[in-house]
Amino acid sequence: MNNTPTKRSKKAGLSPGTMVHIGHKKIDKARISIIDYSQKKLEEKQVKNIEECFPFKDKPTVTWVNIDGLHQTDLIEKLGNYFGLHPLTLEDIVNTGQRPKMEDLDDYLFVVLKMIYFDEKHKLNIEQVSVIVGINFVISFQERVGDIFDCVRERIRNEKSRHRKMDSDYLAYSLIDAVIDGYFIVLEQLGEKIEKLEEKVIKDPTTDTVKAIHAIKRELILLRKAVWPLRDVMTSLERTDSSLINEKTFIYLRDAYDHTIQVIDTIETYRDMVSGILDVYLSSVSNKLNEVMKVLTIFAAIFIPLTFIAGIYGMNFKYMPELGWKFGYLGFWGIIFTVAIGLLYYFKKKKWL
Amino acid sequence: MNNTPTKRSKKAGLSPGTMVHIGHKKIDKARISIIDYSQKKLEEKQVKNIEECFPFKDKPTVTWVNIDGLHQTDLIEKLGNYFGLHPLTLEDIVNTGQRPKMEDLDDYLFVVLKMIYFDEKHKLNIEQVSVIVGINFVISFQERVGDIFDCVRERIRNEKSRHRKMDSDYLAYSLIDAVIDGYFIVLEQLGEKIEKLEEKVIKDPTTDTVKAIHAIKRELILLRKAVWPLRDVMTSLERTDSSLINEKTFIYLRDAYDHTIQVIDTIETYRDMVSGILDVYLSSVSNKLNEVMKVLTIFAAIFIPLTFIAGIYGMNFKYMPELGWKFGYLGFWGIIFTVAIGLLYYFKKKKWL
Amino acid sequence: MNNTPTKRSKKAGLSPGTMVHIGHKKIDKARISIIDYSQKKLEEKQVKNIEECFPFKDKPTVTWVNIDGLHQTDLIEKLGNYFGLHPLTLEDIVNTGQRPKMEDLDDYLFVVLKMIYFDEKHKLNIEQVSVIVGINFVISFQERVGDIFDCVRERIRNEKSRHRKMDSDYLAYSLIDAVIDGYFIVLEQLGEKIEKLEEKVIKDPTTDTVKAIHAIKRELILLRKAVWPLRDVMTSLERTDSSLINEKTFIYLRDAYDHTIQVIDTIETYRDMVSGILDVYLSSVSNKLNEVMKVLTIFAAIFIPLTFIAGIYGMNFKYMPELGWKFGYLGFWGIIFTVAIGLLYYFKKKKWL
Amino acid sequence: MNNTPTKRSKKAGLSPGTMVHIGHKKIDKARISIIDYSQKKLEEKQVKNIEECFPFKDKPTVTWVNIDGLHQTDLIEKLGNYFGLHPLTLEDIVNTGQRPKMEDLDDYLFVVLKMIYFDEKHKLNIEQVSVIVGINFVISFQERVGDIFDCVRERIRNEKSRHRKMDSDYLAYSLIDAVIDGYFIVLEQLGEKIEKLEEKVIKDPTTDTVKAIHAIKRELILLRKAVWPLRDVMTSLERTDSSLINEKTFIYLRDAYDHTIQVIDTIETYRDMVSGILDVYLSSVSNKLNEVMKVLTIFAAIFIPLTFIAGIYGMNFKYMPELGWKFGYLGFWGIIFTVAIGLLYYFKKKKWL
Amino acid sequence: MNNTPTKRSKKAGLSPGTMVHIGHKKIDKARISIIDYSQKKLEEKQVKNIEECFPFKDKPTVTWVNIDGLHQTDLIEKLGNYFGLHPLTLEDIVNTGQRPKMEDLDDYLFVVLKMIYFDEKHKLNIEQVSVIVGINFVISFQERVGDIFDCVRERIRNEKSRHRKMDSDYLAYSLIDAVIDGYFIVLEQLGEKIEKLEEKVIKDPTTDTVKAIHAIKRELILLRKAVWPLRDVMTSLERTDSSLINEKTFIYLRDAYDHTIQVIDTIETYRDMVSGILDVYLSSVSNKLNEVMKVLTIFAAIFIPLTFIAGIYGMNFKYMPELGWKFGYLGFWGIIFTVAIGLLYYFKKKKWL
């Protein structure tokens, strides 16, 4: 459960707008990379000091500053102050327990998203991605160095790409879209897990099955919590009257909205499926119990009466005429077989055999 | 589960508007058929090259281009470019994991639907149907050659049909209506399945019953996912202020909307019914267990004491007066019957017999 | 399940507006009855040919045409053409799988309702009732001859009744109200069934109980499907700006709306109650199993050790000192009673006895 | 279940506005009491004939007519006609199966409420209270003589109370508030019941527990049905633009609305709690079964093998060397103890002991 | 369950606006503390008589009066009268069964909140906090002396804090934010409990587990009831057009709203998780039963037939040829082992071993 907000309590009582990094420190030193481009030019570099970003702020070209690592709050604060970010925005950036949201602060739009992926240990990871969209710049914050935005970088480098013709809003859309694309990958993996589980529960349900069901349910709960609010984020982005979003970008935002709904739909469908699998599992457990009980009952019901009969002729009464009969023993076997066959027939009729 | 979006992940990271066919390739070569008609004239042909469609674009007659097969993305791209379709529209057409939706792109309306049918193996199949409605043309895309639109073709061929008097919007409505009509067929088949299941679960529930319940539940989940969004599609079609939809067509769209709601209602009713069947099944399993246990208990409770009594007189104590009594053995049988009848009476009173 | 839309599929592929009777043919020949009235006059007759209705159309008096039987589509088509009904309206009238709805077609209002009653076999029957409200006429369609509208006829015949002072809209309201009144009768019968079931499940639950619960659940599901959409119908009737509804009638429509909500409320309450009864039943099954198992365990746990002890002294070892003791047999009984009483005490303490 | 609408069916088919008393006759003769007051004066009396109320109608003082008993429909009709009440209002007053509602009929407001209390047999009773608010009068109707409005009377008698300064709308508010106050008393009693049940289910669950759970659930269902619609009633009272409600009264109505929401909240919380208690009960039943089965298994698994061993040496084979051995019997006991201790150790390890 | 409204019934029948303290008396004497500040000055004191607060009312500086303890209703009434609070407001302040709400009474805003914390006995405590926001003052009421607002006091004392530059609305926001911060601490503790429970239920479920699940569920129900209405409170604060809230404060209120939603989201997620844990627990109980039954069945099914065979040769028939055979006894053991191994193989194949 390392996806739950970690130690939000250490913020309790602090003044609003106080920057406290909440979350796991996942990287040693924050990495700052800058891409600055216009239709013709492209400049790309990694910088050590945050101050190196400042000159790009007022350039007419589109500047994308990406910061990996959130624990160096002083660095983020300097950047925020220079770019005119509200203290509450800065607070939200470093607090990774944030809910996805979109805020219009006139000078810039602030979008918080959740990036989701299965790590190498097949564990669901949820990381916070914040995006600031200003007039000529986009600043993105990630919890650690990841390759999720590499595809966007690649496309920017291509001089003929749509990026080079469009503004910072399209860049921001691309980043959001890259995050949403990640959801589909997670959903596919979950879908495969569910399919396997379904086969297993029908063919060979074991006690581990219920744990697997529980684990997937849990992942779906976390996924849902991370994706559900995105619907509102995309709706408000699409309907914003902020001048930062160009007319031409709306159709792309609409597309991203559609993808979000598709993700949510699929999560809900998966939830329904998993709870169906649990039903199948539980009824298979009941059926197994029934089967066990039938075996026990058949054995007990057949042999207990037989043992009783054998017990009778093991008695030591002086006057037991049957014991002396010539065919007494044979007769005993006769009774035994009659009783046994009668009972077997009875169970056959009850469809227990 | 071949109805889940297949390999959406191969799109991750690509530029939006990049056409990648997502879905199963269900046909070798795309089939292109054209019907062009006005009140008086009718021209119908199948073409090999997509370019043969282009002259129809600017004719005043209504042109319907139907394309079966989505994997030849180059072909669809050519068509899209000539007819002025937005890259995102083209992307959505070939991505069969799309959610039903309706988009108004000023020059044309774009509608995505899900066609649903049971195939010859009684498996639920969901295929994507896209419809483009332009000023004098309709372009429809199917995943493979099907006969779902044959009835529409038949009606167009009839010179007196409503089609020949109306515009492309009525043609589009007919296509959507044909898809919705397909839902009723699927629902009827499901309804019959549910009825049979219900009878079975009341008369003779077996372990297969729960699998059948699960299978129907799953089909209902998939159906629901495919049909639910259609409600919004029909609402926005009905309320659109696009000039592409004539006043006279609205009553037909309203009718199609009613059918959609009817389908959704029936799905929800079926879901309720199936979960009721599961309850009956589970309680029948519990009852069976009870019955098994009663049989075991009656056998055990009657014969175990009797066996004990027999065991007593099988003991070898020197001084056991009963063994020497003349009517000892008879007395033994007397006790045995008394105990047995007493226990039977007890179980009778408990209503276990 | 003869309440499900029957063979809607035979319509698939037909042109919209094609009249196909969907439903069970419940009557041999359609019966047409006409009541024409004004404040002073009343004319009432049954006609053979639909053409006899036509002269009434343009009379200033209020005319009520009631048609029982929907399978003679030609008859209904003639009527529809003369009274100016839209083909889609006619299609909906004869398709009994319709959802309750209200449509304003400028010249007339079209209302579809579901009449519900328990037939003589105590089976829930759902029949479609359609009402057309025109400027001076009301046309109603029923699936078969019924007595549901007799009370309305009776009131019209009374010269002092409100009907004679009001227009066709009040007549239409009366018909709708008569249908809704029928729901209360069904609900009362269901209420009694539920009460009986509840008593039974607490006093003497049997395996039939779960079938009875399931049957009532099913009836509630069907009822709900039929009544739920009525809420929207009544809302749109109440809010319509159609000139066909007079100001004075709105308070009556409001009253009918209240009744509808009351019916829906009661259905939901019944659903809650029935699912509560199922819980009680299931827990009573579990309790019974517990009780059975306790009886088994007590018998087995007491007599199995005793039998073992008896078995010991049935052994044939040469050197078994106890066998030769004078009070060996008495001692045996001492042990037996001690063990038995000890175990009984143990089970008493466990509250199993 | 005497809280369900009783015999609503006897109304079916009657003209709307026909007064039929639906409900249990709870009183022999209706009691009519009048309080008439202004800031200075107070007149209070009980009358025999309804006509004695009429003179108060047009007085400028506030008049409160309270009628206990609804079966004398002629009396209520007379009153209604004199005070100008709509026939549908009168119908609703005497039909106790009404849903809480508020209607604005221009000349007066009509409010239907449900009074709820536990009677001396600890049974939940639901009675209908109707309140008519006119320009200078309030008429209230109760099913039988009760003391719920005594507190309001007391306050009116106090010359300094807010009542004497305010109009009929404040009086009506007081009556509604008295009814809502009654809900809190019922909720407290239910809360105590739930608390006791919770303790019992954790300490000592019996088969009666599930019946108690079911009974509380049922009471909550009835309560919910009676209170839930009150939310809408209070909202429409608060938002009404009727001139009958003074500006100063709105804050009191808002307060009553808050109380209603609080009641609904508490009901929902109780429902959640009760369903939690059911879960605990069911799992305790399962656990008990497990415990019973363990006892049985331990007894059976230990003594059945031992009995088998004893049985071996009870055999009468001629050549059984062990029987002749000197320490054969001792050896037998050795084996017996070894097996018994081994099995006990095994069950200990399985944590069954 | 000492969190339920205690004895709300003692208010029933009292005039609205009557102050009755409802709740546990948690403190002996109310403590009154005043902080008065402007950008430059700060005055802080604790007073004995409520009259000492009065001079601060009309000062232009911001005054914060905090009152711990609600049972001295006379004191609160005096304060209320001087500061112009409505009787209903005063009634709500001392009635701790209040639902969180926000009321705009023109002269002041009235906010009711629930403070939540685990006490030293790890029991969830819910206390009511009321905040009055006037033009230059804030009055807060707590049930007992707590340290929740200490952080706010600390910040006010700091001359450079945002408080000293802003008005009473920002102070009120800070108090609300401090309460919401408390929720995160409770959620973290609950999160840890749930995590532990989850581990326990997977590794070693006992009968105590279900009680722990129930306890957490109950805490979540109470938490939910306390926090859910806060959503509406924050929405109405954010959207209020009251002149008491400055433009600059809205972004902080928006932030507090986001936190509220985050809390609600987390509660819902926890509820889902806990019900998942219950599922795992119940299925583990079923599995255990299965396991117990398998052990019983294996023992019984193997030894009961063997005992029967031994019983046969313990019979005393005169003519039993096997008894005389030389290898009879050896043969017996042969049969015994064959049967035992056969049955073990059978159970192995059934995967019961």
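Order of writing sets the chain letters: A, B, C, D and E. Residues in each chain are counted from 1.
Keep in mind that, in the parts below, contacts are C-beta pairs under 8 Å (C-beta built on N, C-alpha and C of every residue); 3 or more make two chains touch, one makes a residue touch a chain.
All values reported here derive from a predicted model rather than from experimental measurement.
K.L.:
With one step meaning two chains touch, work out the least steps from chain D to chain E.
P.N.:
1
K.L.:
Taking the mean of the C-alpha atoms as each chain's centre, how many Å separate chain A from chain B?
P.N.:
26
K.L.:
Using CA atom averages as chain centres, what separation in Å is found between chain A and chain C?
P.N.:
Centres of chain A and chain C (C-alpha means) sit 41 Å apart.
K.L.:
Going by the touch rule set out above, which residues of chain D reach two or more other chains?
P.N.:
286, 289, 293, 296, 300, 304, 307, 311, 314-316, 320
K.L.:
A student should be able to answer this: under the defined touch rule, what is the ring order from chain A, with chain E coming next?
P.N.:
Counting round from chain A, the next being chain E, yields A, E, D, C, B.
K.L.:
Given the complex with chain E, which residues does chain A contribute to the contact?
P.N.:
On the chain A side, the touching residues are 1, 4-5, 7-9, 11-17, 86, 88, 92, 97-99, 101, 103, 105, 207, 210-211, 214, 217-218, 221-222, 225, 229, 278, 281-282, 285-286, 288-289, 292-293, 295-296, 299-300, 303-304, 306-307, 310-311, 313-316, 320, 322-324, 326-329, 332.
K.L.:
Tell me, which parts of chain E touch chain A in their complex?
P.N.:
On the chain E side, the touching residues are 150-151, 155, 161-162, 174, 177-178, 181-182, 184-185, 187-188, 191, 194-195, 198, 202, 251-252, 254-255, 258, 261-262, 265-266, 269, 272-273, 276-277, 279-280, 283-284, 286-287, 289-290, 293-294, 296-297, 300-301, 304-305, 307-308, 311-312, 314-320, 352.
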